[in-house]
Structures are given as C-alpha cells and as structure tokens.
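Below: a set of structures, written as structure tokens.
In what comes next, chain A is part of two complexes: it sits with chain B in the first one and with chain C in the second one.
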Partner chain A sequence: MKGENVVRTLALTRDYGDGAQRVRALDSVDFTVDKGEFVSLAGPSGSGKSTLLNLIGGLDTPTSGEVWVGDDCLTAKSAAELAHIRLHRIGFVFQAYNLLPVLSARENVEFVMQLQGVDATERRERADRMLDAVGLAALADRRPGDMSGGQQQRVAVARALVTEPLLLLADEPSANLDSETTESLLGLLRAMNERFATTIITATHDPIVMRYARRHIQLKDGRIVADDIGRPPV
Partner chain B sequence: MTTPLLMIARLGLRNLLRYRRRNAMLCLAVAIGLGTLLFASAFLRGWETSMREDAIDAFVGDLKVTSDAWLRDPVAEHGFTLPDDVALSLDSARVIWTTRLLLPAVIQSERETRGVQLAGIDPADEAHMSFVRKVVITGRALADADDTGLVLGRELARRLDTGEGKRVVLSLQDPHGRNREFGFRVVGIFDAEGTGMELAFALTGRAALQKKLDATDLQTEVSLRLPDPRAVHTWQQTLRDALPGLVVNRWEQLMPQISELIGFSNSAIWIWYAVLLTALAFGIANTFIAAVLERTRELGLMQVLGMKRSLIVLQVVIESMWIMVVGLALGVILGTFAVWYFSDGIDLSRWAAGAEMFGLRAVMVPRLVVADVQRAVVTMLLLGLAASLYPAWRAVRLNGLEALRGRT
Partner chain C sequence: MLSLAWRNLGRNRRRSTLTALAIGFAVMVLVFAMSMQTGQYAIMIDNATRLASGHLQLQAADYLDNPRLAAVVEHARDLTEILLADPAVAAAFPRLATFALASHGERSYGAGVAGVVPDAERTWSSLPSMVESGRYLAGSPDEAVVGSLLARNLGVTLNDELVILGTTREGSIAALAPRVVGIISTGIDEFDRSLLQVPIDAFRDAFELDDEASAIVVMAKRPGEAKALAASLSRQFAPLHARAWPELMPELEQAIEVDRVSAYFIYLLLGIMVTFSIVNTFIMTVFERTRELGMLMAIGLTPGRLQVLMQAEAALLCLGGVLLGAIAGTALVLWLHDVGIPLGDVSDELVRRFHMPTRMYPAFDWFDLLIPSLLMLAATQIAAFLPTLRIRKLQPMEALRAT
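Let's look at the complex of A and B:
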C-alpha cells in the first residue's frame, strides 16, 4: 500500500436490508485519496455518497471489501478501536446536529481535545486560535442555540480541524445554508485544506461546494462513474 | 484520566440545569416518595415497639419463670419458692429481676363484682421493669412489699364504682385450695393510658399478700429484664439448668399473638416498601428513559466524535444519579423531620375509638430505624441506577450514526 494514501478502498460493498428488500448501496468501489486532496462526491440521491463517507469514517461496516484510513484497516476493528481512530484521525462535519447544545462554541471545540486528554491550557489556546481562524472569536462563549446555522457549521469545522486530523469528512455541510454562507464556509475549508494540507472528502449536491473541491467523483447506483483527478478547479 | 471525568461532570451539570424544571420535579418526587416511605415505616416501627414494650411490661419481662402447672391453671397452689442461690446469682449478674405473687381473684365493691388478677409486687423492683413504673397514680403508690393497701386501675375503679379510701373485698384461693376473703383499702388509682392493664391487675405488697395467705416466700413467677436482649437465649438456658422443675419462657412464647402481630407488621413494611418503590421506580424509569431518548442525537454525536461508549453511559448515569442523590437526601431529611415533628407522639384517639382493642396506645411515637433508612436508600439508588443504565445502554447500542440521524 502506498504511504501517502490517506484513504483506500478495496472492492468496497455495502448492502442494506435482506431478501427482496436488499439494496446494494455501494457496489465494489475501489478508490484512493492522497494526502492534501479536497474531494467532492456527487451523484443523485441514493447513489451511495453518505454510505461511502460513513464507511470511510468508521461509522458503518461494509458488507464486503476493505477500507483503509492511513495504516489502519477499519474492516477488522472493534467498535472501541473505531472510536479511537475517529477520535484521533478523523474530523466530521454533518448537515446538522453537529454540536452539543449545552456547551459553548469554545467548549464544543475543546470537547474532542478533552477526550484526547489534551491539557486545559493548551486546549483553550488551540480552541481560541481555531475559532479565530473560522472567524468566530467573538462568539466563543455562545451556545449553539444562540448562533445561526452558518456560524454553527463554522464551529463544527473548527471542532473538526482543531485536532489536526488526517482526514475531514463532510456530509452535505451546506445543505442548510444559503449560498453566501456556503461560499464563506467552503472558502474556509479550502483555506484549511491549503494551510494544513488536511485531506477533505465531502458529499454534496451543491455546485458551490463542487466548485471549491479540486477533485470530483461522481457516484451512480453505488458505483464510481466519473473521477476527474488532475482536472484543475473551475 | 481525570480530564474526561471532569468533562462528563460538567456536561452532566449543564444537562441537569438545562432541564431544571423536570429535574427539580423528579427530585421532589423522589424526596416525597422516600419521605413518605420513611415516615410510614417509622409509624409501623413505633407501633411495633409499643406493642413489644407493652407486652413485656404486662408483668412478663424478657424472661419469665413459672411452674408448668401455673401456666395451665394459675392458682396459688401452683406457686413455688425461688432457691436462695439462684436469687443470689441473679443479683450478682446485674440483671433486673423480681418475683411476684399473681393470683386470680374476685373483687367486690359495694356495687359491683368483677374478676381481676391480684398482683403481690415489690414496688421498688417494679420501678425498673413493668408498666407500674410508667403509670400515673392518684392517691398514693405502694410504699414497699409490706404495704397492705390496694392500688386499682382507673377503669376498674370506675366500673366497680369505687375509689381512693374505700374498701373492697377480694376472694381467692390460698395455697391449700381453700377459698378466702380479704378486705383491702384502696389507697391509690393508677392510670395506664387506657391500656388493658387498668382492668387486668390490682396491685398490693407482695410480702403483705404472702402474710395474708400464711405463705411466706410463695411466688408464682420470677420475671427478668436483661440489659442486652440478645442474650435472652443464653439466659433462658442458664435458668432452665438452675431451676429444674420450673419452666422458663421468653415473652414471645408467653404472648405468641403479639409476637406474630409484630412479625406481620414487619411483612407489612416490606409490602409497603415494594408497592411504593414499584410506583416510584416506574415514574423514575419513565422520566429517565424519556430524558435519554430526547437526547439520542447528542449521544450519537458523542459516539461519532469518538467518545467511548462506556464514558457516554457513565455520563448519563452520573446525571441521573445526581437527581437520585439529591432527591434521596431531601427525602431522608423530610422523613426525619416528620418523625421529629411527631416525636411527642401522634394522638390516635380522635380517629381510632377502638384502637385500644388492637393494643394501640392512644398516643403513638414514630421510630425511625437506621436499617429501614439504609434499606430504602440503597434500594432506590439501585432502582435509579437501573432506570438510567438501561436507556443509556440502549442509546449507545445504536450505531452513533443512526442515533445522530434521530432513529431510536
């Protein structure tokens, strides 16, 4: 296996349901993502985008095939080991419900570092730096309920990046945002991608999101139908 | 690792505050439930204690020595004399004891005739052991064992229509089986709070009665109070060995109905516990389960972010346990306060006209037993633990993603 591969899948297949209701959400997908790539997964609804992201994130187990994240083959891992990998190597941004409602923005950003056992001073320093980077220094003490959807997504990005993960997975991060907010969020992701060489994979329907990505993968019926490696951003 | 623990403590606290109202209600429900439980069991314990004390105080004692024949037919003929060496060893063993001459008699005033137990007692001894030490006497009390006066219960005096200073006649059998009649002067009236004692016994000096019957040293019973009631079986055996030919009984053996009633009260406490705890458990479990389900998404997010399942469960459980601990502490305070508030006794006479029939005194003092408190608190903690562990475990058993999507 090549050292720089951050993600590598081998004949990755995921079926849902049994018997007549059986759905093949992902059908023998092989692909790799290298360090520093910014990949968008596009495709019609039900084409398997989320399924693929979840398998890469260790949130779901494949029916057959393998997923590698860095040097770890996720397929063979226990729930506790997967939790450990998620905690230390992967950042997540979802469409909604990204934040713990009882914690302030800063505390949400600190949360994962706390789980990692980072000491308080360093945690606070890093959280503030990251909130500053996403332009939310002034809102550090607000709780999610008192922030707009875009601000919440920015906190989620800060939370996902503060641990300097190997990989950032974002499933429809802009689904609840207007286009202006989407532009600024994606600008942020792009900047982070360039600044920290964070590998980003995002599933999306949104042309704005695709515009910010550097590599575009098309899924259809659980298969990759297009992959434009090397094509420069629009 | 203290950091995650601090973190879950903070999360727990924030969540408690987030659902302030509901959690306060739950605390209150737990407190009131436990408080009621404790007060009710204190009430039953109080009743139990007064039953036992009254039984022991009714000229019974922790242990009582009689002849076997007297138990079947309590007449003077079946009396005995306690050997001096046994009397001496009792004196040296620091137990409280006395001998009595208890004879069935017919008491006659100018107006009425009734049956009664004539009790020849030593008032100095009784001052430490029987109901005699508690009664309020109008007129005068017996001075000593040689006192020839008679002290009657208030109720008996009322029924005989007699009183202080008047004369009554008692007929009884002497040790030779002959019927004898003796005149007595009523010197005092005792008030035993309406218990059966007032009708059951007429009191006079033991030595004076023995003299009247020409039976020096005749007694029908030896009665003992032990400083440590747990030693009762040892003492029973010792006395049986020392007094062959006589029988030695514990109070429970002499008053099996009362001892059974107390056993019944104990089971009643258990049933009461079970009913109340079941009701509370359902309420608590319901609330805890609802509270966890409401937060399935959050718990899913924690799992997705890489928080260990055990830590998530711990967080939920700690949160619930806070509610339990605060509620239970309040409940203990509440129960203790209620018991303290009624420590002068609860006057039952207003509600329970027939209470005396069940051996209830008119005034009942609730008694909080530490073991009851412990049992209730531990049971409720375990229930609370189960009621939060179960939904928390269910929530993390879902894959974090499903939980995050809001599936349950």
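Let's look at the complex of A and C:
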C-alpha cells in the first residue's frame, strides 16, 4: 500500500437485498485518498455516497472488494477490531449530531478519550482546548439540549477531532444547519484540516460543503463518475 | 461508564423511579416475610426447648440412642457449677429420667418419670406455666405433677397418692408414693399421656442414685449459637456428649427446614415475577436508544462494552431499589419486633392449645436482609441481560438508521 494513502478501496461493491429485490448500492469502486485531503462525495440520493462512507468507516461490510484505512484492511477485521479502529483512527460527524444528551459538551468530547484510556487530567485539557478551537469554550458545561443545532454540530466536530484521528468522516454534516452555520462549520473543518492535516471525507448534497472541499468525487448509481482533484481553497 | 449509566437513569425519571420502587417493594416484602419466618421459628424453637429439651443437654455418650439409668452423667453438681461459670451459659440444671409404672387404685399406666430441680424448672421450663389445676412442684419430696391425660387415665385428682414403681440401675425395685399437687396440660397428647415429674432428690432416693443425672440441661445465652456451644462443651467434657436441640429434636429442625424451603420457592417465584416486569423496562430502553447505541458503536464502543453499560444501569437502578426496600423492610421489621402483630381471633385457640404468644414478632437477621437484596440484584441483572443480547447482534449502520 502506498505510504500516503489514508483510504484505499479495491473493487468495492455493496448489494442490498436478495434475489429480485437485490439492489447494487456501490459498484466496484476503486479510489484512494491521501493524508490531509479534504474530499467531498456528492451525488443524488441513492448514488451510493453514504454507503461508501459507511464502508470506509467500518460501519458496514462490503459484498465484495476491499477497504483499507491506513495499514488496516477493514474487510478482514472482526467487529471488535473494527470498533478498535474506529475508536483510535476514525472520527465521525453525523447528520443528526448524535451527542449523548446526558453529558455536557465537555463530557461528550472527553467521552471518546475516556474509551481510549486517556487519564482524566489530560482528557480535560484536550477537551477544553478542542472546544476552544471550535469556539465553544464558554458553553463547555452545557448539555446538548441547551445548545443550537450549529453548536451541537461543533461539539460533534470537537469530539471527532479531539483524538487526532487519521480520518474524519462526515455524513451530510450541514443537513440540519442554516447556510450561515454551515459556512461557519465548514470553515472550522477546513481550519482543522489545515491545522492537523486531518484527512476529511464528507458525503453531501450541499454546494457550500462542496465549495470547501479540495477534491470533489461525484457518484452516480454506485459508481464514481467524476473525481476532480486539486480545487483551489475557498 | 458508571457516571454515564447513572445519568442515563435520569432520562426517564418516572420509569426509573417506578422500576426502583417495584424492586424496593419486592425487597421490603421479602425482608418482612423472611423476618416473620425467622421470628416464627424462634418462637417454635423457644417453645420446644423450654417445654422439653433445653437448648442443649450434656449426656452420657450413648444416652440418646439408649436412654436408661445406667447411662448417667456422674458428678452432676460439680459439672453444673462448671457449666454455670461458662459465659455462654445462662442456666444449667440436672434432670433424671426413666420409664416407670404409675398406679392409682386399680389402674396402672406407663409413665416417663422425671426427677427435676423445681426452682430451675420454674425459671427455665414452660411446664410450670401449663399447670391446669393445682400447682407446680414446690420442693417437698413427696410431691408429683402429672400430665392431664395420664391423670385422667389413672383417675387421679389433686392430693391423690400415686404409686410409682421402677427399676434401679442394679435391677432392684424402686418405689415412690408422692401426692399429686398439680395436673399439667401441654396440649400435646404425647406429653400429657406420660408426663410425671417429682423432685430430683426424691427420684435419687427411690432409684438409689447419688450425684448422677440423666442429663444436665443447658440454656444458652444466645440460643442461635446452641450448636456451636454444644460442640465446644463436647470437647470440654469428653467423653460426655453435649447435644444441641436439633439433635435432641430432629423432627423440629426438619419441620423448620421443610417450611423454609417451601417459603424460598415462593420467594423465588416472586423474584421471577419482578424480573419479568423489569425485563419490559429494559426492552423499552434498548429500543428507544437503538440509534444512540449505533452512534456509540460508531465512535468505538464494542457491543460488549455497551452491554456492560446497560448492566451497569440495571445494577445502579437495582441498588437504589434494594437500598430503599432494605431500609423500609428493616424499619418495618424493627418496629413490629417491638409492638408485635396481633394474631386476632386465632390467637385464643393458639394460646390455649399450643401456648403460643398472642402476637407474632418478626425477628431481624442480616441473612434475611442479604438474601432478598442479592435475589433482586440477580433478578435485575438477568432482566437487563436478556434485552441487551440484542445489542450483540446490532450492526452500527442499522442502529444508526433506527428512528
């Protein structure tokens, strides 16, 4: 595997259903993403972008083909090994924020580090630093229910990045946000991408998100139909 | 993880509170029921030991299997003194016993004749309180008390003279002719048909005995430790043998054990019923939080750790309920231990026939607190485990799509 590749897929295929009901969501996709890239996966509904994202994140199992994240071939891993890879190497930002409602913003950010076994003092320092970086230092003690959608998504970004993952996967991160908040969030992701050289792959319909990505992959009917590398920064 | 589990319980406070209260109520009921049982057994044991055996008896090694005058405890006075000096012993007094023929006029019946120390019996035995007519022995050598059925069979009334004929250890005839000063009714036919007591000195004179006793009856300061005390006295007084009441009255211990086992079966059924009601709570919890469980799996929690999280929630919920139930149950038991529970209309018959108290008193025992608490902890863990098995099969992506 090439040293700089963070993600590599080989003939990645995912079918849903059986027999006559069988639907091919992803059809023999081959592509690589290098360290530090900010990639948008775009395409109409049903084009396979979320399926591709889920396979790269080890949340789903391919029907055939391979997915590599760094040096790990996810296809060959057990559920526990995949959980370990997700915990240590991949950060997730979901469309619906998916924060733990009973924890404060700081505790949500600390939670993943707690799972990693980071000691309490370091957890707190890193969580506060990351919340400061996403502009939410003042709201660290608030619970998600007391925050706006944009603020919650920022906490989700902080949670995803605080462990300094190899790869950040964001599935429609702006779907529930207004355009102003989306701009702010994307600015944040770009800043994080530049500051930590975090590889970011985001599935989106949103032209604003696509504008912020440096590489734009277009999917249609489960296949990559365009791969536009080297866009200038916004 | 514990902190998260604790906070998760606060998500649906009404449901968590109701579940904890259900667990608490079950624990309280179990603590109360088991304490009532313990109290009831204590009364049964107290009645039986005061009526007949004492808490334990120091006997010749083979006396239990073959009770006879030849198998006696020598130096009974000295041994009694030594026993009384033992801090675990509340009382010690000798008894002599043999089988003899009691006659009055033309009638003769076999009787279990006992030579007793009247003062000690009055203090420690329940028989003196069961005198139906007349009085108990006062110490005069020519007195006897007789069981009510034996008196009826012999046709004796108060102040009538009885003739008691037995055999000494050497095989010669032993005879007594005491006057009946009291008739005793225990309500137990077996007793009332053969009971015949005379002062121990009169017994010794008639049966050519000096300082011997068939047994030295011992009342322990802590009746619950009678077995341990018997074991200790057996070592101390070997080759004599100290036998605690379960050995002297095995049928009583068996009756208690049978009752205890059947009660435990009912408690187990109660535990299973509560388990089923809690299972529903955890099924709802798993279904309601499927999406969140998917998110937790996505950020790196293994299904095993998710199960641990759910079990921790169950354990905390149960601990809260158990604590509530244990406190309420203990308070109830301690209060009722003081005031007692009136037995109502049935008590007159019980008092008359079996000399039971007019009130039932539950007895507090740590065991009765521990067992319900552990039972409910186990029940809750099982209740939580069954629904969380679904987590094992959960795929993160499917869970994230759940609504």
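Everything that follows uses one rule, which is that the second predicted complex is superposed on the first by the 230 of 234 C-alpha atoms of A that agree within 3 Å, B and C clash if a C-alpha of one lies under 4 Å from a C-alpha of the other, contacts with A are read in each partner's own complex, and residues count from 1 in each chain.
Methods note: contacts are C-beta pairs under 8 Å (C-beta built on N, C-alpha and C of every residue); 3 or more make two chains touch, one makes a residue touch a chain.
Just so we're clear, the structure is a prediction, and the values are computed from it rather than from any experiment.
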Chain B and chain C placed together on chain A: clash or fit? clash
### Message
With both complexes overlaid on chain A, does A:Gly48 touch chain B (first), chain C (second), both or neither?
### Response
neither
Ask   = Of the two partner chains, chain B (first) and chain C (second), which one does A:Pro62 touch, if any: first, second, both, or neither?
value = neither
Comparing chain B and chain C in the superposed model, the one touching more of chain A is B
(message) According to the stated criteria, A:Gly117 is in contact with first (chain B), second (chain C), both, or neither; which is it?
(response) first
Contact-wise, after the overlay, does A:Pro144 reach chain B, chain C, both or neither (first, second, both, neither)? neither
Going through chain A, the residues touched by chain B and also by chain C turn out to be 54, 57, 59-60, 79-80, 83-84, 86-88, 92, 94, 98, 100-103, 111-112, 115
Within their complex, chain B touches chain A through residues 1, 3-4, 6-7, 11, 14-15, 18, 297-298, 301-309, 311, 399-401, 404, 406
In the complex, the residues of chain A that touch chain B are 54, 57, 59-60, 79-80, 83-88, 90, 92, 94, 97-103, 111-112, 114-115, 117-120
The residues of chain A that touch chain C in their complex are 54, 57, 59-60, 79-80, 83-84, 86-88, 92, 94, 98, 100-103, 111-112, 115-116, 159
Contacts from chain C onto chain A in the complex sit at residues 4, 7-8, 10-11, 291-292, 295, 297-305, 395-397, 400
